[in-house]
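Each of the next two complexes has chain A plus one more chain, namely chain B in the first and chain C in the second.
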Partner chain A sequence: MTLLGYFSLWLALVVGLWGAITGFVGGAQGRADLQQSARHATFALFGALLIAVISLEVAIFRHDFSVQYVASRTSRNLPTFYLWSALYSGQEGSLLFWAAVLSLFAALTQLLTGGRYRVYLPYVAAVTSLVASFFVSVMLFAANPFKRLAFTPMDGQGMNPQLQNPGMVFHPPMLYLGYISITIPFAFAIAALLTKKLDTEWMVAVRKWTIVSWLFLSIGLLIGMWWAYVELGWGGYWAWDPVENAALLPWLVMTAYLHSVMIQEKRGMLKKWNLALILGAWVLSIFGTFLTRSGVIASVHSFTESPVGYYFLFFLVAATAATAVLYVTRLPLLQAEATLESMVSREASFLFNNLLLIGLAFSVLWGTLFPIISEAVVGVKITYGPPTFNFVNIPLGLTLLLMTGIGPLIAWRRASTANLRRQFAVPVTVGVFALLILLVGGMRDGWALGAFSLGAFVVGTVVQEFARGARARNRQYGEALPLAVLQLLSRNRRRYGGYIVHIGIVLLFVGFAGMAFKTETEATLRPGESAELRARDGHMYTFTHLGISQYNALNRQVTAALLDVRRDGKEIGRLRTEKRQHVDALGNRTFEPSTEVGIMSGLRVDLYVVLAGLVNGTEQAVFRFTINPLVWWVWFGGFVLVIGGLIVLWPGGAPVALKGSRASHVQAGYAVKLEAER
Partner chain B sequence: MKAGTKFALGAVLIVGSVGYLMASGIKQTGQYFLTPSELAQRVSVDPTFYDLGMKVGARVVPGTVQKEIATQTLRFHITDGTVSYPVIFKGLPPDTFTDSVEVVVEGRLEKDGVIHATDVLAKCGSRYEAVPKA
Partner chain C sequence: MTHGVSRRDFFMLAIGAAGAVLQDTTSVGRVYDPDRAGRAQAPVTAADNDKNVQALEKRLRCSCGCGLDIYTCRTTDFTCTYSPALHQQVLRMLGDGKTEQEVIDAFVAQYGQVVLMSPPRRGFNLLGYFVPGVVLVIAALGLVWMLRRWTRESPAAAPTMPAAPPPPDASPAELERLRDELDRLPG
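Take a look at the complex of A and B:
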């Protein structure tokens, strides 16, 4: 099987390069036969990579430890669930996964894109094939997933215990899907640049793809945060780690794009900017991959340092340079059809939102690279750690939250004073009211006050928008209000789905702000002894150590501590936290012991307990107790955000009205019908 | 004033505040990241270098780790091959902490010549891949 897999990688490389050449040449010379060939190449590429993926999975499921990848990532006693995720839990396999998914997306694009957008397809096939070929060549020359060992070990080395968590089964593929799907809008952007058909049409063609990648990036980031929270045991979910940042960067840029593209559709402005955002998001996705795989910057995520990094660096530099040259040569063709009329307009507020998002992205990028930059420039590494990130990004984030509320309230072109008064009266009142309540309630943390009251303001704007829309429908069609709200959502998914995303963002900010009120203590307890910890809302929590149990599970020896939990003296439940020593099939220890956090999650606070160790093998145990307020709202906000994104993505709904000469043609609706969420 | 000009002013304001925030953020919260040799050299040149928050990246010297679980005190030595420093840390080390692992120690070098750490991060380059059996 591994021979077949290896062979299909070579086939994929040949087919991919063929697709790139025929696509570019066929597009440039207008030769239909070559164009057809490029199209077919994307299907063949997908076929070849699918065979490679199946070959690797078969090797994993058969425990074929003569394959290095299988031997170093899995073992005989690894639960079946994690045999699936072993495909992408290491360097080589995740490259294969990446290439295969990209080829799937590329083939789908060729199948699903119809009508007028077909002119772009040869170039799209060429770009996607070229990118996929790059990934395949990295596997063939630097990180072969089918590499064989000189001997066959009895058992594999097993999977890192921290990856043996449901979050780790879903986090990487979701994030990858987001990363990879940016390649499709990027390929269309390159196609538009090459064909010089730079009106807004190509953006309509990729609209669904941009939302798909934004949505998958969001889901990937959220699951990653959840995994870090429940698995790593340090009590938080975001540490401004370089690779977290690398995933956040394209998300920020895509978020900016999803807003600014509306200005281009409605007013024909910002053509250069939007194109740059798409190109930039893709370059950042490759940059993120480079960071993860090169070990350039120390990170909890880094794979083993390997020559793979050089390949990515070369590809990053070459692709960025080629893209930049192409972009600059086409700049004269990207003239705006309108100018900004007033500072008090939807356009202006979207522009400021874009500047903030890009400013945020820049500060994150700068912070991530800062240790390297400072070492190169002043000769000493200076850290840019979580305190610095928070110092810079909290004010920017809150300003952005403010813009989230302001944007939807201001009219296009030019807002009148009367219009402003009508739009802002209720939401501002809601925000101020929330601020006063919190102040009276005794909250004094400035940033948290800002987050909560701005959040209330944004919720006010969204509720007002829904209420007005529903009332209008009620008057016009006589629909009952609940029905009218549903109709609003289904008739104008982009707008109202977007508002639901805004609600999700507010809830996320509420959760983030909650971390300002975190409390923590450590204690060494004998069975029967208790530790007390007071939450910032005044409740006293008592944790009583009930005892230690030790037993063997499938692939690990477990040491578990059970704790009785009381709030203000009343029992509210029991918490269990574990130390796990993973073992192989022969009972030999593998990896360092890992911690299973005990979490009791609630709307107000999460109780978070870590078993740090036993004192000299007795039942006396060391614990760390943390009270994390409002963490639940992060996950709930993420859920709401994803639901909003799905509403925007759902096929159908009102067509996009385009500004410009071809607007009438677009009334036919979307050309890309994508059922991403089957 | 034209709307475009006003917008440019707003843009400058935003870009300026981002830059200002980053500059002052680094000034107020940035820390030196040094190897033990660099630290020793700085201390010998500049005696005021003690008691300054910093991070030191190095390797744990095998066999020097002493854990006192009851008081949650961790003592070990770090080295970059030429210079080594003793470290004392009160708190829970990460799961990945062992002797011979690469660590980032955050804390202060005090006059007693010991780095009093406020945080210890185990920086394992191959964290998500199995450690080859020695």
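Take a look at the complex of A and C:
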């Protein structure tokens, strides 16, 4: 099977390069036969990579430890669930997974793109094939997943215990799906640059793809945070680790793009900028891959050092240079079709939205690279830790939150003073009111106050938008208000779906702000003894150690501590935290014991308990107790964000209007409205 | 941080710690297989839980390569051998009567600036702290300037409205209806 996989990789390389050549040449010379061949190459590429993936999975499931990848990532007693995820739990396998998913997306693009966007397809096929070929060549020359060992071990080394968590089964593929799918809009952008068909049409062709990849990135980031929270045991979900930052960068850029593209659709402006954002998001996704796979920045999740880094560096530089040259040569073709009319307009607010999002991306990038910069420039090694990231980025984040409220309140083209007053009165009142209540309630943390009151302001704007829309429908069609809200959502999915995403962002910020009120303590308890910890909202939590039990599970020996939990003296449940000593099929210990956190999650606080260890091998145990306020809202906010994203994405609803078609009616309509409000 | 742990406090803490270790643990049952529960832990002392000690350790980075601060590492990664040792070093220095700043300075002298979770706000490091903010402010000013130019150049700036302005006496209800109509237009 591994031989088959290895051959199919070679086949994939040949087919990929063929697709790249025929796509570019066929597109440039307008030769239909070559174009057709490039299209077919994307299907063949997917076929070849699918065979490679199946070969590797078969090797994993058959426990073929003569394959190095299988021997170093899995073991006989690894639960089936994690045998699946072993495919992408290591360098080589994840490269294969990446290439295969890219080829799937590439083939789907060829199948699903119809009608007038077909002119772009040969170049799209060429770009996607080229990128996939790069990944395949890295595997063939530097990180072969099918590499064999000189001997066959009895059992594999097993999977890192921290990866044996449901979060790790879903987090990498989601994140990869996000990363990988950026290649499709990128390929369309390159195609548009090459064909010089740079009107807004190509953007419409890829809008769905950009939202799809934004959504996957969002889900990937959220699951990653969840995994870090439930598995790593330090009590937080975001450590500003380079790997996390690398995933956040394209997300920020994509978010900026989702907004600024609306200006292009409605007004035919910002063409250069939007194109640059798409190209930039893709370059950042490759940059992130380079960062995390080369080991340039030592980081908790970094894959080990290997020549793979050099390949990525080369690819990054070459692709960036080629893209930049192409972009610059086409700049004269990208002229705006309209001009801005007022500083106080939706257009202008989107520009500030973009400024903030890109500013944040720059800031995160700057912080990630600053240790390298410092070492290179002044020769001093420094740490740019979470406190520094927070110091620099919290103000930016809160400004972004503020803009999320302001932006949607400002009309297109030009907002009048009366219009502004009418739009802002209620939300601002809500925000100020929230601030006062919190101040009176005794909250003094500046950032948290900012997050909560700005959040209230944004919620106020969204509720106002929904209420106005629903009331208008109610008056006009006599629809009951709940029905009217649903109708609004389904009629104008983009706008109201977007607003729901904004609510998700607010909830996320509420959850983030909760971290300001974390409390923790360590305690040594014998069975029957208790530790007390007061949450910042005044409740007293009592944890009573009930005892230690030890037992064996499939691939591990467990030591579990059970605790009884009371709030203000009333029993609210039990918590269990474990030490897990993983073993191989022969009962030999594999990794150092890992810790399983015990979490009791609630709307107000999460109780988070970690078993540090036992004293002298007795049931007397050392625990760390942490009270994490509002963490639940992070997950809930993420859920809302994803739902909003799905609403935006759902097919149907109003079709996208292009500048020059019916969009001008919209503008005329807004002008009517504004004039009327004077 | 307002005050450090005084020498006297520290003496008391040390006595407490010694007491805890010496305490009779035989009244607690031994578990079946202590080895599988990871490294044995010493009972938590008051110094371990001291808010000032914790705050101090949160400013210092563990040298095991985990990227965490000493406090977080020693209370999270129980396989790390560095963070407990660094923790003891911190306690020892405090016990010797060093102030918090002196402890920090000693760590920097021993391990270099990299030991600080946030680099000191001076010299080259200022770039690390303030470049993003400054760039953003400059970019914002640039954007405002550009917007001004655009809006002034804009031929539409003077006569914003389409040729035939509508009757300006629309009622609020009519405006709502208009909004809704507009909502239902594509785009």
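In the analysis below, the second predicted complex is superposed on the first by the 659 of 678 C-alpha atoms of A that agree within 3 Å, B and C clash if a C-alpha of one lies under 4 Å from a C-alpha of the other, contacts with A are read in each partner's own complex, and residues count from 1 in each chain.
In this text, contacts are C-beta pairs under 8 Å (C-beta built on N, C-alpha and C of every residue); 3 or more make two chains touch, one makes a residue touch a chain.
Note that the structure is predicted; figures quoted are calculated from it, not measured.
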Original post:
chain A superposed: clash or fit between chain B and chain C?
Top reply: clash
**OP:** Considering only the touch criterion stated at the top, classify A:G233 as touching first (chain B), second (chain C), both, or neither.
**Re:** both
**OP:** Kindly classify A:N616 by the partners it touches after superposition: chain B alone (first), chain C alone (second), both, or neither?
**Re:** both
Subject >> Which partner, chain B or chain C, touches more chain A residues >> reply: C
Original post:
For A:T559, is the partner it touches chain B (first), chain C (second), both, or none of the two (neither)?
Top reply: second
**OP:** Determine, under the contact definition given at the top, whether A:R473 touches first (chain B), second (chain C), both, or neither.
**Re:** second
**OP:** State whether A:T590 touches chain B only (first), chain C only (second), both chains, or neither.
**Re:** first
**OP:** Look at A:R491 in the shared chain and tell me whether it touches chain B only, chain C only, both, or neither; answer first, second, both or neither.
**Re:** second
Original post:
Is A:Q581 contacted by the first partner chain B, the second partner chain C, both or neither?
Top reply: second
Subject >> chain B versus chain C as contact partner of A:P387, first or second or both or neither >> reply: both
Original post:
Who does A:N160 touch here: chain B (first), chain C (second), both, or neither?
Top reply: first
Original post:
Following superposition on chain A, which residues of chain A contact chain B and also contact chain C?
Top reply: 233-234, 298, 300, 339-343, 348, 351-352, 355-356, 359, 362-363, 366-367, 370, 380-385, 387-388, 391-392, 395-396, 522, 524, 592-593, 595, 610, 612-616, 620, 622, 624
Original post:
Taking the complex as given, what residues does chain C use to touch chain A?
Top reply: 20, 25, 27-44, 48-49, 58-59, 61, 65-69, 72, 75-79, 112-119, 123-125, 127-129, 131-133, 135-136, 139-140, 143-144, 147-148, 150-151, 153-157, 160-162, 165-170, 173-187
Subject >> For the chain B and chain A complex, residues of the former touching the latter >> reply: 3-4, 6-7, 10-11, 14-15, 17-18, 21-22, 24-26, 28-34, 38, 55, 57, 67, 69-70, 72, 91-92, 94-98, 104, 123, 125-133
Original post:
chain C touches which residues of chain A in the complex?
Top reply: 232-235, 239, 241, 265-266, 298-300, 339-343, 348, 351-352, 355-356, 359, 362-363, 366-367, 370, 373-374, 377-378, 380-388, 391-393, 395-396, 413-414, 468-469, 471-473, 475-476, 488, 491-492, 495, 520-524, 526-527, 548, 550, 557-559, 579, 581, 589, 592-593, 595, 610, 612-622, 624, 654-657, 662-663, 665-666, 668-678
**OP:** Spell out the residues on chain A that touch chain B in their complex, using ranges where they run on.
**Re:** 72-73, 89-91, 157-160, 162-163, 233-234, 295, 298, 300-305, 339-343, 345, 348, 351-352, 355-356, 359-360, 362-363, 366-367, 370-371, 380-385, 387-389, 391-392, 395-396, 522, 524, 590-595, 610, 612-616, 620, 622, 624
